[in-house]
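The following pair of complexes shares a single chain, chain A, combined with chain B in the former and chain C in the latter.
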Partner chain A sequence: MLCKACNTDIPKKAKKCPKCGWTVRKDPKNIKPIAIAGAVISFIGGLLPFIQDSTSRNYKVAYSFMNYDNKAMWYIFMLLLVASVILCAVKYEKFSIITTVLAAVIFGITYNNICGQYGAPDMMVGLAMPVIIVGTVLGVAGCFLDVLKLKKKPEVDQRYLGNSRTVWQKMYIHRWFYVMALPVIIFVILFNYLPMAGLRYAFMSYKLGADPSYVGISQFLVMFSKKLFWQAFTNTLVISIVKLILNTFMAVIISILLNEMTNIVFKKSVQTIIYLPHFMSWVVVASIFTMMLSRSESGFINQLLMKLHLTDAPLSFLDNSKRWRGVYYLINIWKDTGWGTILFLATLSGISPELYEAAQIDGANRFNRMRYITLPALANTIITVFILNLAKVMNLFESVFVLQNDAVIEVSDVIQTYVYRQSFGGGIPDYGYTTAVGLFRSIISCVLVLLCNFASKKVRGRGIV
Partner chain B sequence: MEENKYVYKKPKKKITPFGVFNTVLFILISIIILIPIWKVLVDSFDATTGYGMNFWPKQFTIDGYRMIVTRSDLYRPFFISVIVTVAGTFFGLLLSTLGAYVLIQWEMPGRNLFSYMLLFTMLFNGGMIPTYLVMANILHLTNTLWSVILPLAINVYNLVLMRNFFEGIPGSLFEAASIDGCSPIGTFFKIVLPLSKAALASIGLMYAVTFWNDYTNFKIYIVKTELFNFQMKLRNMVMDSDTPVEVGVVSMNTVQNAAIIVAIIPFMIIYPFCQDYFVHGVNVGAVKE
Partner chain C sequence: MKKMTKKAVSLGLVATMALSMTACNSAQGNNSTTTSAPETTSTTETTSTSTTETTSTAETSTEAAEVVKPDKIKVMWDGTIFKEGENYAEDFYKALSDKLGIDVEFTRPDHSGYADQIMLAFADKNNIPDVIILPASYYASLAANGALWDMTDAWKNSDTYNSGRLVSIADKIIDSWYVTGPDGEKHMYGMYPARGNGTVTYVKASWAKAAGYETKEELPTNWADYQTFLLALKEANGGKAPVMAPGAISSEAPYINYLPEFYQDAYPDFIKDENGEWIDGFTTDAMKDALARLAWGYSEGVLNADIITKTKTADVRNMFYADDFGIFNYWAGTWAYNLKNNLGKNGLDDELWALPAIDEVGGYYERLSPMICITSACENPEGVFKYFIDTMLDGGDVQMLWMYGVEDVHYEWNEDGKTITGLPTQNTAGTDKITKTTKNLFEANLKLANFKDVDPYVSADPVIEESFELFDSTAVMAPEVNMSDVYNDNSSEIWTYRKDVVAKVTLGEMTVDEAMDYYEENVGEIVQEVLDSFNNK
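And then the complex of A and B:
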């Protein structure tokens, strides 16, 4: 007989492994029948209303204990139970937990409906309810026990392990750390998790000054039918992705050229200057450029263009829907390119100078050295920066908000500014609708972060969250 | 000369066409970056209105700045900004050091739960409106400065950054401290914090920049004009022409330019001395996240 913990041979009648102290036990019993029995009982409970209905009601109302208006829930419930029995039977019992729990959740929701606002007054459910409750509890418990059994580690006697402590002892040792974690937990709950609970407004109509009421998914249907929403959605994607590509491209070029600079003092001062705009807020940047691009006599750019005879009359930039995006990208490049070079410069300074010297001996000119040494070394960092920023594309708000105006709404409106204007831009806001738009944004953003995380794991072996 | 052909010689510094091109290019880039800032600075000292293309004030005046320090509706926002920045940086550093210190306790039961709880907020959030509704209806914080300080103070990204810094502290120090009878809180104040001054500077500066430049949260949560910070005031001055009337000797534009300079001057002064801390923070954040 082999010890399950350390794989050594142990005598047949020994109760403990002499080497590691694993307690010899029989395999835990199969708990699958409990889960199957639970599912079957629930199934029967679901059918009960058909046979026990004795009075005036016909079959149509029989399954109304699930939901008075909609039979779909009952069908889904029954199908899930059947599925979990089948899954158990074909030895996929790990997955049967999903179907069973889903069935239980559906039952819980619809059961609530009966007791709550959608109650069916003349309902006679009888025995079905307790039978289903017992069956569902049994099924879920059985599935859980089954999964737990699979995960059980071999038990090793505590005496054979060095300084292992029980969980309670560990918790006692770390008691002060729980006190220290408490403020952080309170903050996260108040400012991150409470708003998540507020996402339920997406399924409500919540006009300012009126009580919220459930309207199902109709807010989403309204949203998908609105042209303004789709305009904001496409604008968000286009603006942030073009911006990302332009900024990354410029940052790579500038850092490669800056790396070629041999004069250290000059290089340092250029770095200091190009990092500067990053510390200005978007409000300041918008104020500066609104003045610079002004059409009046004080507008520097227009004066310059006229002096160079590139244009006869002053041009409008920020209130011209044809030029707005171009100007926006340029302002972004002005503000963030320098800051974006930090990571690239750090990577470049890590390249061994011996590589360049060797290449020089082999006769590579400056361009070849860049092409065959610098760029491959940068490739990984470029992808990293790209992935890190791609995860943020849906967050676009402040930079657009401070630079846009009514004249350029259709090219500049992004989801966040759309939500802001719908909620605070005058009129009676429907917080339900704006929450629905926000929820849509959060979901897209979450998917993007997960995709980027996956890509990041593939590319550099480490996720971003 | 012939026998030296295959011996590598370090190239002498000589002027190459590429070097010249590169130098000229970067001088140009620096000029492009600096022109808008320089123009604002010059115009803030210029009493005439049609600034045009001059790079030196035509008619020198400091009345724009005098206006900002004397008028209460202009210096009050400045002090609000200072208060919010100081308080916010304090709370931000407090929460991120506490959280990061808990996150490096690998033995602690529940540490993973805590970690997932924090990381999940990076994945998914309630969004603008539910957060606003929580602020307004549950916490009743709108129109107080707490509404702009507290939500930004818990920044999970900075917390994780701080953890990366803390992980660099050798574990033997913690063991030694606990053997000598130092409590976890004592270890925190006597060992962790003194050893991570660079990290505190780095992340503290990041928080300070965020709070000083905050506009979005003020725009959403604050309606009272007495509580506006300098960014809000500046925005209103430039966009909605909410410039103080009776400007007197100087023009509106001069005051606006002076206000822009006041808004950027704190970090323009601090930044060159702390550049390394900022850069270090960015690198640690991307390399070990």
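And then the complex of A and C:
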């Protein structure tokens, strides 16, 4: 472990730094995330219904900040919570407590007014109330604990602390760098964060020709009650994860085989050929395979199987729900395996030839050299690639969309094709519903990213985000 | 110096950013209809002939009102008029604008993705067009949702409606334009200057002759004979399946038009029964029989094996041109000529026989035409109706533009001065090809109003007349498309299962009974809710 004061390597079990005398003490756990989580929970609470009709089936009659006449209250509420997060992050915990409490007060006033305006015997307390209470308590308690320094930070001799300036002082010193960063920051806010305001439509009914109206969490309730949604959700996870495992496995195998090739011209030729499918559009790929796998005379595969007497009648592939996924995985392997080998080949080229020579002298055959040198060297890259791709498993659309048909919807419908059908599959789409499905997909993706990050920390000692 | 450079670069970047943001904001909201005050016209002809007792009607029609002529109209149109780069569309746009005295700005999304573009167009409130052409199913949905302007009264007081030039079948067609509005009452939210047309079954004479059917009079007239005919065609043509269609069920109303012999009297959407009560046509005995016929067709190899995977009409047309199959149900009229022409180009026998509807079918469906609508976002709907929509069937120059295009560009007058001949079309490379222009938006046979003087139409090929006459002699209007909030919210789910069932039964993965149980289990409750909403229960 390194000394926190002078960065000297401290021997194991040593109680003091041999150079500066710093007392070895474990860092207190970072408790800021509690306060930040509290503010985020309150923020989410601002989207939820304050009061809702207890009699309607899907709780569509609901009232929140969004249908309160004075919209400024909602904006102030959100800005205060954003301020809470920022203040907490820049170590102004006391101010963060104030803004969190102020946000709760704004909520209280609005809640009272909404009850007065829309309150009726059939109305019940909405989800916003418990959520915002929990959020506020966490937000305040998190900051409070941080302020009190219940878990004190290790004391470091001031002589070894190079820079004790405040954040503002540091920002002033580097002000021109900040000015240079400003365009990028504005772009990111405009094009990455502002569009997130559209997520509010997940809590609204938003159909063409009509103004959006707040419906609370009813879109989510409808979503969770639909069999097709769960079918799409399950298919997304199954198809993506199996595809990921197969593609990674095949890329590793191909990389190892390529690495074993000694004829450079042949190796480069093979590499070029297997990279090419990656650059083909999925629409073109789908057309080619639909034709090749056709049951009619144009179906090359079926004609071949019949010529070889492997089957008497043409087989159905893309319109057979039992075979569709297998064919889909094969097409994916054909298209993307080559491209996936690039990282692995780069890693393999970095392995010292001396290791192989030494192993050869020690009597290791080809298989053993691969087993004891190549694969361990690749392990870290395999895990990294796997983890990075795992975070993208919910982003499955084009490849499935172009290959699916009415007969295989049951096994091929994924979240994005489901959303597409909901939007353009007939009737007037409710963008509120499709936004809710999209939001749910984003949350799952976010959870997967965090899980991957956690797994990465455990496996590699450092995170990926 | 170094510091100054940093400052200068920083400020430069910020300035660039600020300027780019200014550019982002240059759009000016809904800049669609613009009107000029001076060009007003007194519409004294809008007398109260309407008998429709609706509030909106009363508000807009009964008194002579001043209708302002718009300066500019934004129009969104699919691929049904001349395309840019292919047939001098720009000349048509210019001629239309000149003739109307209005700047008509066309937006032409790709035809195959047009339905998606409609939804996107309405999602951006600042850019909703003034006029839009809508497929039938979207027409009912958007009308029910209040996205379209109610033109009932304007139509009843229009020059076209009162011209006395409407064709005899017009009343029947116009009736189908009335759909349920947001108030639950039936109104007219769109029009189309022609009939909807429909499909007829074309049989390649070469295929039929190979099977021993030497003349078209020998073609089958009932389902039993048709089955024998299909099997004979398959046998005589190397085992190739004789029938192909873009999917076993279509995505647009009337859904079954590409396989009428198999569906016969079945209709897979909500329909009214003999008592006027709405029922689910998908669960009727007729539909069960239709599914059994589809399963028979696929198992016997008379339906092409790719019928489920190839759902694009263009792909299926190409298969027809390549002689992959011999029976194709497609549009009557000009398309008969196109099919024949393309077969000829591929060096195949181009003789096509239009098959009269077999006894069980009775007559081919006439679809509800796509509708030309004025959106609720239009600032001057009365002006747009009077100066744009009402002129489409003026019986003169504007009607000529919509039907045939621009003189000396798309057609030329013959020496007799009474008839016209289509001129060669232009392909994307800019060079002329053999095909001659036959129509612009609608065919002469389908027009809803006659010309004031002589109709200058001359058919390019007798096959057009023949197929249209065959269609027209027995055509029946497709069932109306109904819409309610419940159906709108669940139509995607219901149709997913309907298509799933049709595909699975056709492929033999499910029996008809199993499929119906599967359908009932998954959407039975929703279907009942939809029916309740239709029947006001």
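Methods note: the second predicted complex is superposed on the first by the 262 of 465 C-alpha atoms of A that agree within 3 Å, B and C clash if a C-alpha of one lies under 4 Å from a C-alpha of the other, contacts with A are read in each partner's own complex, and residues count from 1 in each chain.
We adopt the following convention: contacts are C-beta pairs under 8 Å (C-beta built on N, C-alpha and C of every residue); 3 or more make two chains touch, one makes a residue touch a chain.
Note that the structure is a prediction, hence the values are computed from the model and not measured.
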Practice task
Considering only the touch criterion stated at the top, classify A:325 as touching first (chain B), second (chain C), both, or neither.
Solution key: neither
Practice task
Answer with first, second, both or neither: which of chain B and chain C does A:357 touch in the superposed model?
Solution key: first
Practice task
Determine, under the contact definition given at the top, whether A:366 touches first (chain B), second (chain C), both, or neither.
Solution key: first
Problem - Partner chain in contact with A:392 - chain B first, chain C second, else both or neither - result: neither
Handout entry: Partner chain in contact with A:421 - chain B first, chain C second, else both or neither
Key = second
Exercise for the section: Please work out whether A:431 is in contact with chain B alone, chain C alone, both, or neither, and reply first, second, both or neither. Expected result: both
Exercise for the section: Give the label of whichever partner, chain B or chain C, reaches more residues of chain A. Expected result: B
Handout entry: chain B and chain C contact sites that coincide on chain A, given as residue numbers
Key = 176, 180, 183, 187, 190, 290, 296-298, 423-424, 431
Exercise for the section: Quick one: which bits of chain B touch chain A in the complex? Just the residue numbers, please. Expected result: 8, 11, 13, 18-19, 22-23, 25-26, 29-30, 32-37, 39-40, 43, 49-53, 94-95, 98-99, 101-102, 105, 107-110, 114, 117-119, 121-134, 138-139, 150-151, 153-154, 156, 159, 183-185, 188, 209, 212-216, 219-220, 231-232, 234-235, 238-239, 253, 256-257, 260, 263-264, 267-268, 271-272, 275, 278-279, 282-283, 286-287, 289
Fill in the blank from the handout: Within their complex, chain C touches chain A through residues 3, 6-7, 9-11, 13-14, 16-17, 21, 115-116, 119, 122-123, 137, 141-142, 144-148, 240-241, 247-249, 251, 304-306, 308-311, 324, 376, 483, 487-489, 491-493, 495-496, 499-500, 502-504, 507, 509, 522
Completion exercise
In the complex, the residues of chain A that touch chain C are 176, 179-180, 182-183, 186-187, 190, 207-210, 226-228, 290, 294-298, 314, 316, 318-321, 405-407, 409-410, 413, 421-431, 433
Completion exercise
chain B partner, complex, touching residues on chain A are 167, 170-171, 173-174, 176-178, 180-181, 183-185, 187-188, 190-199, 201, 254, 257-258, 260-263, 266, 269-277, 279-284, 286-292, 296-298, 300, 303-304, 307, 334, 338-339, 342-343, 346, 357, 360-361, 366, 384-385, 388, 397-398, 401-402, 416, 419-420, 423-424, 431, 434-435, 438-439, 441-442, 445-446, 449-450, 462, 464-465
